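What follows is a set of structures to go through.
First subunit A sits with subunit B, and in the next complex the same chain sits with subunit C.
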Partner chain A sequence: MPYAVETRDLTRIFAGKRHWLRKPDPEEVERGVGPTTALGGVTVQIPEGELFGLLGPNGAGKTTLIKILCTLLLPTSGEAFVAGHDVTKDVFPIRQRIGMVSGGETTGYGLLTARENIWMFSQFYGVPSKVAKERIDGLMKVFGLWDRRDAKVRTLSTGQRQKMNMVRGFATDPDILFLDEPTLGLDVNAARIIRDYVMKWLKENKGKTVLLTTHYMAEADEMCDRIAIIDNGKILACDTPENLKRTARMDTTFQLEVDALRNTDGFTAIPGVKNFSSKNDIGKNMTHLTFILDGEAPVADILSRIMSQGSKVHSLQKSEPTLEDVFIRMVGRGFE
Partner chain B sequence: MREATVRRADLRFRLGLNLRSVVGRAYPRVIGANREPSWLIFEVFLPLLGIAAYVFIYQAFYQAQAAAICPSPCTPTPAQLLALHQAGQNLNALVATVVLGGTMVAFWLNVLWSMASQLYWEKEIGNLQLYMMAPMNRMALLGGMAIGGMFMTSVRALSTLVAGIVVFGVIFSVANPFLLLAVFFVTLIALYGMGMMFASLYLLWGREAWNLSALMEEPIFFSSGMYFPAGGLFSIPTWGPAVAIAGSIVPATFGLDALRQLTLPGTAPLPLLPPVTELEILLVLAVVFLVLARYTLAYLETLAKREGKLTSRHQ
Partner chain C sequence: MSTFWRTFKVAAWLGWEMDSNWTEPWLFIIYSIVKPIAAVFILVLMYVVFAAIGNVRPQPLFDFMYVGNAFFIFVGSTLFGTFQVIQSDREWYQTIRYVYISPISFYVYVMGRAVSKIIVASFAVVITLAFGAFVLNPPVPITISWSAVPVFIVSFILGLFCLLAIGITLGGATFLMARHTQTIAEAVPGIFYVFCGVLFPLSVLPGGLSDVGKVIPLTYWFDLSRRLLLPSAELQGIQTGLGGFSDLTILAFLAISSVAFFGLSIAVFKAGEYLARKAGKIDMTTSY
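Coming up: the complex of A and B.
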């Protein structure tokens, strides 16, 4: 099966900020000012026609991987192929076939209209002007941007701007589309329109591939054929959403809402606790806890530990595993 | 189900791709100029103030010279009339020198700030990564910027020239219009080739290169003789010739000198070399800068990709 994207042991190390006159300070290196490993030996294979998700928290290495695949960054070691071409050597055929849309992009020129901006970018891919304009008009209608087609970009709202970016991504008819957090900061409706179109586009166009990075678990779960969970530059698991959740189903997941906890240390020392994550809700002065347990036996110990801090338990719920539970199980923390 | 777009990589396709890219990138500059006419104030009226200052200095010198030739009340003798005529011609040549300098300053500033450093702004607003992942040649991108920028710059240059003739009463006399056009266009090609070469630095350095552009602005005005005849530098002992020779690397120096000689035949003050020789040097500079730009762009793009500076903002 031909792979749209294939990486082998891909590593990217950023040297960090250096001054050419000054030797690196060991303390600075310790604080992370020195070299940072953004990707540490990533191996993935994405067949043509797949909607592949990269799920991970901020700083996991998702964007670094996309930038290498988009020929914007060179790997430190390892290999990466897009549409069968090496990203370090054979960039022209790759660039002809790819597109990228990132969440929160502020690209384009404020003086141009939305339609003109997208047309401009389509010219950099050699799309004949007439074809480009027809495609842009069609896509603007799909994304609900038709009424704003002649509005200057600087007058568009964040959501409209992101829709414009999506139209730009599709207007060049890429074979492989990289979507880097495409629904970041969008309202529910705008995000829904984008998700629906991406899935429809893949279904209706033979051989197209999408690599989606997101830290919205539900988005990945809903859209992706397969998902790779990435953290600290390493792929921790790669499978269909269903299979990933199945691994978590062998465990028991409990969610608790308690008064804000001062100390969450020591929960992992309780026998039967495989992993847990905590999230503070400052507004409500509460802590949300998610536990991955080996059976239900540890619940009593967990509750007594919470109450020993004088904290009250507001709710306790056994839940079906989600992708977030899979992530917590593997990494030992949530996304936030 | 729809079939995928057929991808071509033949020469004809690549040529079309790069031409479309030039047009695409030039478009925002041309359209932007029409949509925000306020640029006319900055590009047409304000530059005239700087030129006027030099013109008034030369006119003041002329007044002093005229008073010395024929003190007031003046009833000139034929010898004094000849001397006054000569002084008038010198004034015209000096004012024309300033006006032509002002015309070429427009192009030099466009190369420095609207092309070379433009990649810095593109990186800041996030466009650079979209440009760099597109299949077009980088020279096409910069070519589009250059052509788009030339639209606004030409308006500034033309308005300076018209103001020179109408307001300051400069008289130009063109003996060889073809050579004049050849010098002008080859100067522009060499100048923009140099700008493309500088642009590659912005892929790697960002804000540091911005400072370099700022550093180059005034010294190059001086060494290229934008507001005075560059040949005058040779009459300054010790450092003068060195500065003039260093300044001649910038195509504006020889271009401007040749334009002055071709529009002020016989009266252009302190010429450097014959115009045809200057055109030949400019042709060499144009080829060298374009070839260098092509390779430095490719080299520095690879270096920027290796160091991760192509996409990082706020360097």
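Coming up: the complex of A and C.
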């Protein structure tokens, strides 16, 4: 089966900011002044027609991978192919077949109308003007931007600009579409429209491929055929959402809400605790804990450790594993 | 070739929309007329001061300055219109990543974006020359013979082409810059203003500084434009430093240096693009 995207041991190291005359000291490296490994040997294969998800927290390397695949950035080492072409050498045939949309952006030429902005990009891709206009109008209706089609981009809200960029991404009808956090910062309805359209577009256009990065677990779970979990520039797991959850299902997952804990260091020392994550809710003065356990036996020890800090347990529930649990199981922390 | 032409057309359209759409059309037209005329008044005032404090021959030197300054309008506009594209698309509009990954020639895109600046500048140059010929008293004796028209057209195209090449060369450098673009925007035209015989003849520059001007193609463009547009003026009395060359020789210098700068612009632009892609700076936003 031909791969839409294929990477082999892809690595990207950013040199970081440092004075060219002296070497950075270790403390500077710690503070991010020195070199940073954004991708450390990523190998993935995405067949044509797949909706592939990259799931990981901020700074995991998702955007760096997309930038390399979109020919915006060169890798430090390793290989990457898009539509069978090498991203370092054959950029033009790649660019003819790809599209990219980044969420949370307010890009656009403010003096042009929304429609003109998108039309201009379609012309860069050689879409006949009449076809482009019809396609843009249809997409604007789908994404709820029709009423604002002739508004100058500078007058659009952040969400409307984001929708405009989604229309731009689809207007060129790419074979491979890179969606980098496409629903970031959008309201629930707008995010739903985008998710539904992406899935519909893939269903109706056989052979199209989407690489989606997100840190929304539910989004990845709902949309993706396969998901790669990425953290610190490394792929930790890559499988269907169901198979990933199945690995976590072998464990027992417990969620607890307790009074704010000062110290969460000792939980991993409890026998049977495979991993855990904690999240503080400062507003409510509470701590949310998620434990991945080897059976239910460790629960008593966990509770006694919490109560030994004078903290009260507000809720305790055993839950079905989610993708976040898979991530916690692998990394030992949640996304936030 | 069709990709280049398509890119050029769309980029030129975008540049025009951005340059002309910032206000109402009538205000844009008034601005386009008033701006060059205001610049003429500044020039006249400068000359009056020079004439008052120095021992200058009034009319021929004013004609020399006037035409040189009129054509210099192209320099600032074209240079700004080219190398500023990368900075503006990257920092202000934040569209550069989407333009860059489009199946276009980014070099041609930058060139296309400058077209609107050249159109607006051409309008300003025509107004300036017309103002000098018909409004100033005594008038600047601007005229051109039919036989000189072909040479003028060729030199005009070469001059603009050369300016675009210089602008794109600088654009290649701005791929790697965050905050020094404005400095370049002011410094480079300033250098050309001094060394290309715009305000005063090259021969007044001390020592070997006049040779600096001789390696810049714009010097030949300005000189040739003056020769063709001011045939009746007493320019022969002004030591331009290029008096020993015929019009066609000057045109040949301009053509050769334009081709050289075109090659240089491609090399520098490609090198800047490669280094920026390697360093991850193509779409950096620094908010400088």
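Assume the second predicted complex is superposed on the first by the 329 of 336 C-alpha atoms of A that agree within 3 Å, B and C clash if a C-alpha of one lies under 4 Å from a C-alpha of the other, contacts with A are read in each partner's own complex, and residues count from 1 in each chain.
Assume a residue touches a chain if its C-beta (ideal position, glycine included) is under 8 Å from a C-beta of that chain, and two chains touch if they have at least 3 such contacts.
Everything numeric here is computed off the predicted structure, so don't read it as measured data.
Upon superposition of the two complexes on subunit A, a steric clash is found between subunit B and subunit C.
Taking subunit A as the reference, the larger set of touched residues comes from B, when subunit B and subunit C are compared. By the touch criterion defined above, A:R161 reaches neither subunit B nor subunit C.
Judged by the touch definition given at the top, the superposed model places A:Q96 against both subunit B and subunit C. Using the contact criterion defined above for the overlaid structures, shared-chain residue A:H85 touches neither subunit B nor subunit C, since it reaches no partner. Using the contact criterion defined above for the overlaid structures, shared-chain residue A:D175 touches subunit B, although it does not reach subunit C. In the superposed pair of complexes, A:K62 makes contact with neither subunit B nor subunit C.
Contacts of A:N205 after superposition: subunit B is touched, whereas subunit C is not reached.
Applying the stated contact rule after C-alpha superposition, one finds that A:M120 touches each of subunit B and subunit C. Residues 14-15, 67, 70-74, 92, 95-96, 98, 100, 102, 105-109, 111-112, 116, 120-121, 123-126 of subunit A lie in contact with subunit B in one complex and with subunit C in the other.
Here subunit B touches subunit A in the complex through residues 1-5, 7, 9, 13, 16-17, 20-21, 23-25, 27-28, 31-32, 35-36, 125-127, 129-136, 141, 302, 305-308, 310-311, going by the rule given at the top.
Of all residues in subunit C, those touching subunit A in their complex are 3, 6-7, 9-10, 13-14, 17-18, 21-22, 93-95, 97-104, 277-280, 282-283.
Within the complex formed with subunit B, the subunit A residues making contact are 14-15, 67, 70-74, 92-93, 95-98, 100, 102, 105-109, 111-112, 116, 119-127, 129, 173, 175, 204-208. Residues 14-15, 67, 70-74, 92, 95-96, 98, 100, 102, 105-112, 116, 120-121, 123-126, 168 of subunit A are the ones touching subunit C in the complex.
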